[in-house]
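Two complexes are shown next, each including chain A; its partner changes from chain B in the first to chain C in the second.
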Partner chain A sequence: MQQNAVELCTILVRDTYGELSSRVVAALLEYGRSTLHTIVRRAKIPEKVVKQTLVVLIQQHLVLHYTHEDGGRDATHYECNWLQIYELLHTGRIVRTIEERFGTEAASVVSNFLLLGHARVSDFITAYGVSTKPKPNAVLPNGTTISASEATGTAPITSAAQISKHIVTLMQEKFLVPVQIHHMHPQVDTENAIRQRVTAEQVGSAAAMQAKTKKAIDEKVAEKMEALSNDIDNKNFGLKRKSDQQDGRARKRTKYSAAQPADEEEWEIDGSIVLRANNAKFLAIFRNEELVRWAESRIGKATSQVYAELLRHLEKNVIGHRTEKGLVDGGKKTVVSTLDIGNTLSKDIDLVNSIASGPAITNGHKRTMANGHLFSVNDEESDGDSDDYDLDADVDDNDMGINGTHDLSSTAQEKKEQLQNIRKHLMLLAEDPNQFVTKQEGSMQYGGWTVDTQRLCEALRIRELEQIVEERFGGIATRLVRIIKDKGKMDEKGLADTALLRQKDIRAHLGTLHERGFLHVQEVPKTAERLPARTFYFFYFDEKMSKMAMLNDFYKAMSRIMQRIDHERSHNSMLLSKADRTDVKGHEEELLTKKELTDLAKWKRSEEKLLGQLMRVDRQVMMFRDW
Partner chain B sequence: MSDLQALARTIYETCSANHEKLYTSNELLSHVPKRDAQVLLSTINELLGRGYLKTLKQGDAFVYRFVSKDSVDRTRNLTPDEALVYQHIESSAREGIWSKILKTRTNLHPTVLTRCLKTLENHRYIKSIKSVKYPTRKIYMLSDLTPTIEVTGGPWFTDSELDADFINALLVAIERFVTSRSFPKQKPGAAAVGVVIPFEAGYTGYPTLSDITQWVKNSNLTEVELSEADIKALLEVLIYDGKLERVIGGTAYKAVRRVEGAVKQGVTEAPCGRCPVFDLCHEDGPINAANCVYFEKWLAEI
Partner chain C sequence: MAFRGGRGGFRGGRGGGSNGAPMMPREFDVKPDFGPTEQFPDYAIPFQDPLTSTERIHVARFRDHREKVHSGPLYTVLGKRKGLEDPFEDVVTYSAKKYHRQKRKVPKLDSRPYVFEFFPVELWETMDSSYAATGDRSVVISGKKEKKRLLISSLNTDLPNGGHHDDKSDGSDEEDEEKEKEKKSVLAKLMSHKDEEDDGLGDDDEDDDEDKEDEGEEEDDYQDDEDGDYNAEQYFDDGDGEVDYGDDDGGGAAWYD
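Up next is the complex of A and B:
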């Protein structure tokens, strides 16, 4: 955890939960895992207040806790979950995503879950029924009645059934997940507890810890940890499959999500389970949006729309786990068929005119591109592809045979053409040097596709880094970074030769890049004396180190933006408090002077600009840290 | 010439037409009346003594080469030291010879050597050149020769300096050429003007290295002869610049699609991303977010 990240998290907590919470969080972040008394001492706040604050923070998953039971006296340790604190920044994005997909009602459900941290479903629903006054900063201990806030609940949700319907949909898509006890504990502690249990089983008596047993224990612990995080997947799979096999999984399910099927599609949830928003799933969605944008800039709008559809199909099966390596999801394993995409893809997308068929090659020499056949897709297929299409045609004919019509009806013909066109777009994506999709040979009609998100994100990061270098240091610096990345370690002379630049021209660039942590230098002395003149200086690029340096800068930049917003706000505090008065609200035109109006507009613009910038940096942080 | 005897002069005149040819004593013997070996011996001695002939060894036998009249005249006026230096420089041919090596080979005192070199340069018999590989070394070669590519550094160098303008002009031209071949021509009356659409997957019409080389040759861009390797170096640079990319298994090149108004990365657009005092910025320090002049300016330009 970096210094700048600590600063950012403290600011975030202060903005959302106030000064008290931020002091507790700062104490935890600065000193790490602590007991209650240590926090009291370090934050210099009375114990009672600290306790109340911790309850809020734990409710929001911002602080994890664990009680050690051995040694007679229980000792509870608290630890800050700073990644969760960072997630506070994503609230807006999350609500917007849900609104786009499920409408405003679902969005208000999710935003309330975000506001509450986690909540028991029955409490949540009752709170909606008797909507009380919003108390966003109120202390909400587990189990007490929760007052859902009206802050975002503008949508007219009237019945409890409506809410539960939304919750079920969101759960099926894994936007909401049940909270389990291990979510509240630091991962290390969970692992240690499991290890202790496993060791006790394995070793039994005081047998010596041998390398072999140790390895076996390690394996078993890893297995159990995996099982813990897989739990959610399994249960949700169970929920989905319940319609066809009810009894086998019922026992397991009742614990958290005993769904009662009324018919095939409708579900109910057990009121006693506790739900929270699944941040990792949203991270995966943001990542996919970014990938689509990338595909659009590289290939074109229509292709990116096809890609978006493909990724949406992948998303369904993805719950998303956040690990040290980044997001882990089933992207590499899940195969999406062209047919699936064809079924859901909007018909409005112009698939045909967005790809130009190349001029056919006749007798080994290329025809000019200016011929009239450019945009007519149907008349010229390259030889290699036509085989595939024949095969597809056969398959389709068979389908028709089953349906009892032998000549292709116009709709079927249309469908076939659409699928072929989709396939062309997917082939484009697969052929791109970045390999947006990978073609899977298999029995699926029109082919199946997988996406290697991990590799793609790697490429995305590199591209972003290069862009940053380009905008900060110019084109020559980018050229140098790319060369070094490509060739490994290089000295100034080799670089100048490859870049076709003079040595004295690149020296300054290399210097600044090294200073900002984009490049690193290794010295190799030619002689034992290590004279600078008799030393090779090899420049190299270390992605991990550059990434860390960048992230550190990002955090700092974000803190500065938030501090600037604070500054602007306090600068205009008089005006803002006046504009906030109940009698002024809505009547600004009449009650404020001309100067006040322009100042107010200016403040709004500044705030918007700063917040927009904050979100743009946030996108980069996700790219470098989470994806 | 006048210093030679009649026989020696005839032999020299008949044989010196070809400087490069090596003569064995048997071949020379045919020019001597009655093939008298004794006469040939004295004639060769005479020619050697006056510098018209050089002995070389080919295997075990001696062979002779005739020296052009010009160089004979040159060496004639030189002191022995100068002649020695001249010979060494001459033997290095188009590669040139480094003054330090010259010193060890000739075993002359540095001051003597410098004097010799100075006189030779003043007579315009030799010239000093700059090597691209070793820019600090003083290298000498005969003044009427042109240095080899290793010394001059190939087509990218003018006067042993990298010709950046020339390279940039070529880069731009090649990029333009590849771009023109990477995307289909706009259909007249197309709905959306300015939207570049891609060729379908499997398109093979992208220009290859030889296509591009051929185009550069035919385009009269430059008089310098550029080989495929040279063009490849240019293409590599364009790839490193992110303007081109390899397609079809690396055999052909394609321009990277450029989009107007695409979403760019954010951090460098805000003041912090390009702040010169970013490292000094601290919440309680003299430089902080509240008194930042860069934020002030940035927020003003809405």
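Up next is the complex of A and C:
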């Protein structure tokens, strides 16, 4: 873990959970895995207080722990989960994402889970101040419920049923995931424990050291580790099928299945499970948002909306496991059909006029280039391409349909048209050099689509990296980086030739790039003496190393932003503590002077700007680290 | 530099220049400037693009979340060391005691139920005093112990800039103020079911409370365990025995709205 990341995490914890927590976290991050007494010694805080702080940190998943039971003397080790600390930055965005998708009530549920760390469902539901049993008088004799909250969908949560409904929805989409005991332990320890058990089972003798047995053990361990994470993969893990005898269920069911047509069953939560917000899933969502933004800048608004819809369909299956390689999801395997997209796509999106067709269509029909996002499509888009379509006839029919026979526009016809248009947009995405989607040959009507997120993110990273190099070192440097990336290892002379520049001109650029960690040099001596003059210097680009260098810069920038906020806050400390008083809060206008009010607004604005910048850097960090 | 020059000389002397001449060390045609650099060199200050409305909403939610943690039981502020206090600013005043948010030196843990199996055994005692060696488990086992509750807070869903999709970063102060106010009013509502009388008092002496001192109680200021005047504290204080917020529905509704 990098030093700058340590600094950032410490500051983040201080910002959110206060000084005490940050001191314990700092001690853990700087020295690594420690026992309670070591932490006490290093943080210079009394043991009682350290214990209390550790409870807070474990509750928030910021610290993992593991107790070794060897020799009857239990030793508990604590380890900081710094990626989770980093996730503190995403809280705002997570709440907002849920708010946009599921409304404010669900967002409030998620927000509370974020505040609580993890919580038992039954505790959570009771905490809303309602009992889990439906009131007897809520069901009329004829079997219809008269729960007011259900009738008005936007009313604040008043019944336990509603909360649990939200929780079920969030769980099925994996925004909330059950916490299991192994989530509280460092992964290494879990693996070691399993290995120990497996080894003990397999062989009781020294034969365990043989290569063959070792391999078998390794396989078994990997299998068991996978089984642990697979529990969560199961869509309805932690849910139990609802018994259908209760009255008034049918109505709710229709409501429910409208949102999720594939799932006819109704599920109910097992009250004893413990839930938390699934940060990895949100990372996947943020990634998809970024991809949509990219598609929008490449192609156009309407197309990007279609793309967003497609990605949403993919997201449903994404749990998001965070591994060293980044996010793992089933995006590459899952095929989404055009039909699915057509079913859920908002009707407001203008699919037709957002594609400007070339002059190829000459049969009297002209599509107007009405709105701003024009994109000239090749002539083949409508004609040449149609021979790969499995539905040639359809295309022609449809063209005819648009051309004038609107009088027979039944709903079926409209639907068909819509699907055709969606397919056109998807073709645009597929034909883009970045290949936002991949068309799947198959039996699916109107075609199926997959998205290779890993490759796309790679492209996204490269694009971002080149932009950063461009901004920091100028055009020539970007050219050099691109050449080197393309050709592999190159010496200065070859580079100069390829870049069509003089050696003298590129030397300074190479120097700076090397210094900042974007390029690396390998020395290959021609003779045994290793004289500098008789040595080849090959420049090369190592993605991993430059990524590290950049992440380091990002972390540093972020901690500087946080420190700046602290500094600004200390400038305004008098004012802020006044505004924070319980009697002043909510009555700022009456109780603060004009000057104080302007100062307060100014402070808020500048903090907002700084935090906004923080989020922007965060986007890049996610791009280079998580996606 | 001097070192490389020396090497070159050495090579020349030994080899007699058989093939050394055309290959000069590369560094020679980059002319580094070894003079002192300017202390504050000219620098093009990058300007931030104004935040988009989405970004502003994210920031607002982030701040809101942070604010909630800060007013919750887990946030800690370490006081200044003894002897390092500012004799002018850090004097405990009446108003400071009465109206300022209480600073917590240690997190308050006994306010919520825990999932004990997720914590190492050595911390159980800290989380619940009945696990202590001298603690009385009988209350827990017999189920007489007051059931603890999670603290649920409502979500502030106001949009900065009134939710309009213009990306002007100026003119946001009013909106911010409004947003802030909204948030406060929520908080006020949350607390109103307990301490109406305190609010009334607050309004009465709003003008001159700034500099008033309460000499009698200075020492008590940081003892967060006593029943302070900060209303929310009394909420967190539950679990000590008394049920203090009415029946299930009433309490819940007030907290949730």
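Methods note: the second predicted complex is superposed on the first by the 491 of 627 C-alpha atoms of A that agree within 3 Å, B and C clash if a C-alpha of one lies under 4 Å from a C-alpha of the other, contacts with A are read in each partner's own complex, and residues count from 1 in each chain.
We adopt the following convention: contacts are C-beta pairs under 8 Å (C-beta built on N, C-alpha and C of every residue); 3 or more make two chains touch, one makes a residue touch a chain.
Small disclaimer: the values here were computed from a predicted structure and weren't measured.
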item: Clash or fit, chain B versus chain C on superposed chain A; value: fit
item: Which superposed partner A:I462 touches (first chain B, second chain C, both, neither); value: neither
item: Chain B versus chain C as contact partner of A:A193, first or second or both or neither; value: neither
item: Dominant contact partner of chain A by residue count, chain C or chain B; value: C
item: Touched partner set for A:L20, first chain B, second chain C, both or neither; value: second
item: Partner chain(s) touched by A:R534 [first = chain B, second = chain C, both, neither]; value: second
item: Contacts of A:Q613 with chain B and chain C, given as first, second, both or neither; value: both
item: Contacts of A:V352 with chain B and chain C, given as first, second, both or neither; value: neither
item: Partner chain(s) touched by A:R605 [first = chain B, second = chain C, both, neither]; value: both
item: Which of chain B and chain C A:V584 touches, first, second, both or neither; value: second
item: First (chain B), second (chain C), both or neither touched by A:T76; value: second
item: Minimum C-alpha spacing, chains overlaid - chain B and chain C, in Å; value: 5
item: Overlapping contact positions on chain A, where the chain C interface meets the chain B interface; value: 605, 609, 613, 615-616
item: Residue ranges of chain B touching chain A (in the complex, touch as defined); value: 156, 161-162, 164, 167, 181, 183-185, 187, 191, 195-205, 233-234, 236-237, 240-242, 245-247, 256-257, 259, 262-270, 272-274, 278, 281, 283, 288-290, 292, 295, 299, 302
item: Partner chain C, residues of chain A touching it in the complex; value: 15-21, 36, 48-49, 51-56, 58-60, 65, 67, 74, 76, 89, 91-93, 95-96, 99, 104, 107-108, 111-112, 114-116, 118-120, 123-124, 126-131, 156-158, 179, 181, 184, 274, 492, 504, 507-508, 511, 531-534, 537, 574, 577, 580-586, 588-589, 591, 597-598, 600-602, 604-605, 607-609, 611-613, 615-616
item: Touching residues (chain side chain C, partner chain A) in the complex; value: 4, 7-8, 11, 20, 23-26, 29-30, 48, 51, 54-66, 68-70, 72, 74-78, 89, 95, 99-101, 104-107, 109, 112-115, 117-123, 126-127, 149-155, 157, 160, 169, 172-173, 176-177, 180-181, 184-185, 187-188, 202-203, 206, 209, 230-231, 248-257
item: Chain B partner contacts - residues on chain A that touch it in the complex; value: 7, 293, 296-301, 303, 353-359, 361, 366, 369-370, 374-375, 377, 382, 384-385, 424, 427-428, 430-431, 433, 464, 466-468, 471-472, 475, 478-479, 482-483, 486, 496, 498-502, 505, 553-554, 556-557, 559-561, 563-564, 567-568, 605-606, 609-610, 613, 615-617, 619-620
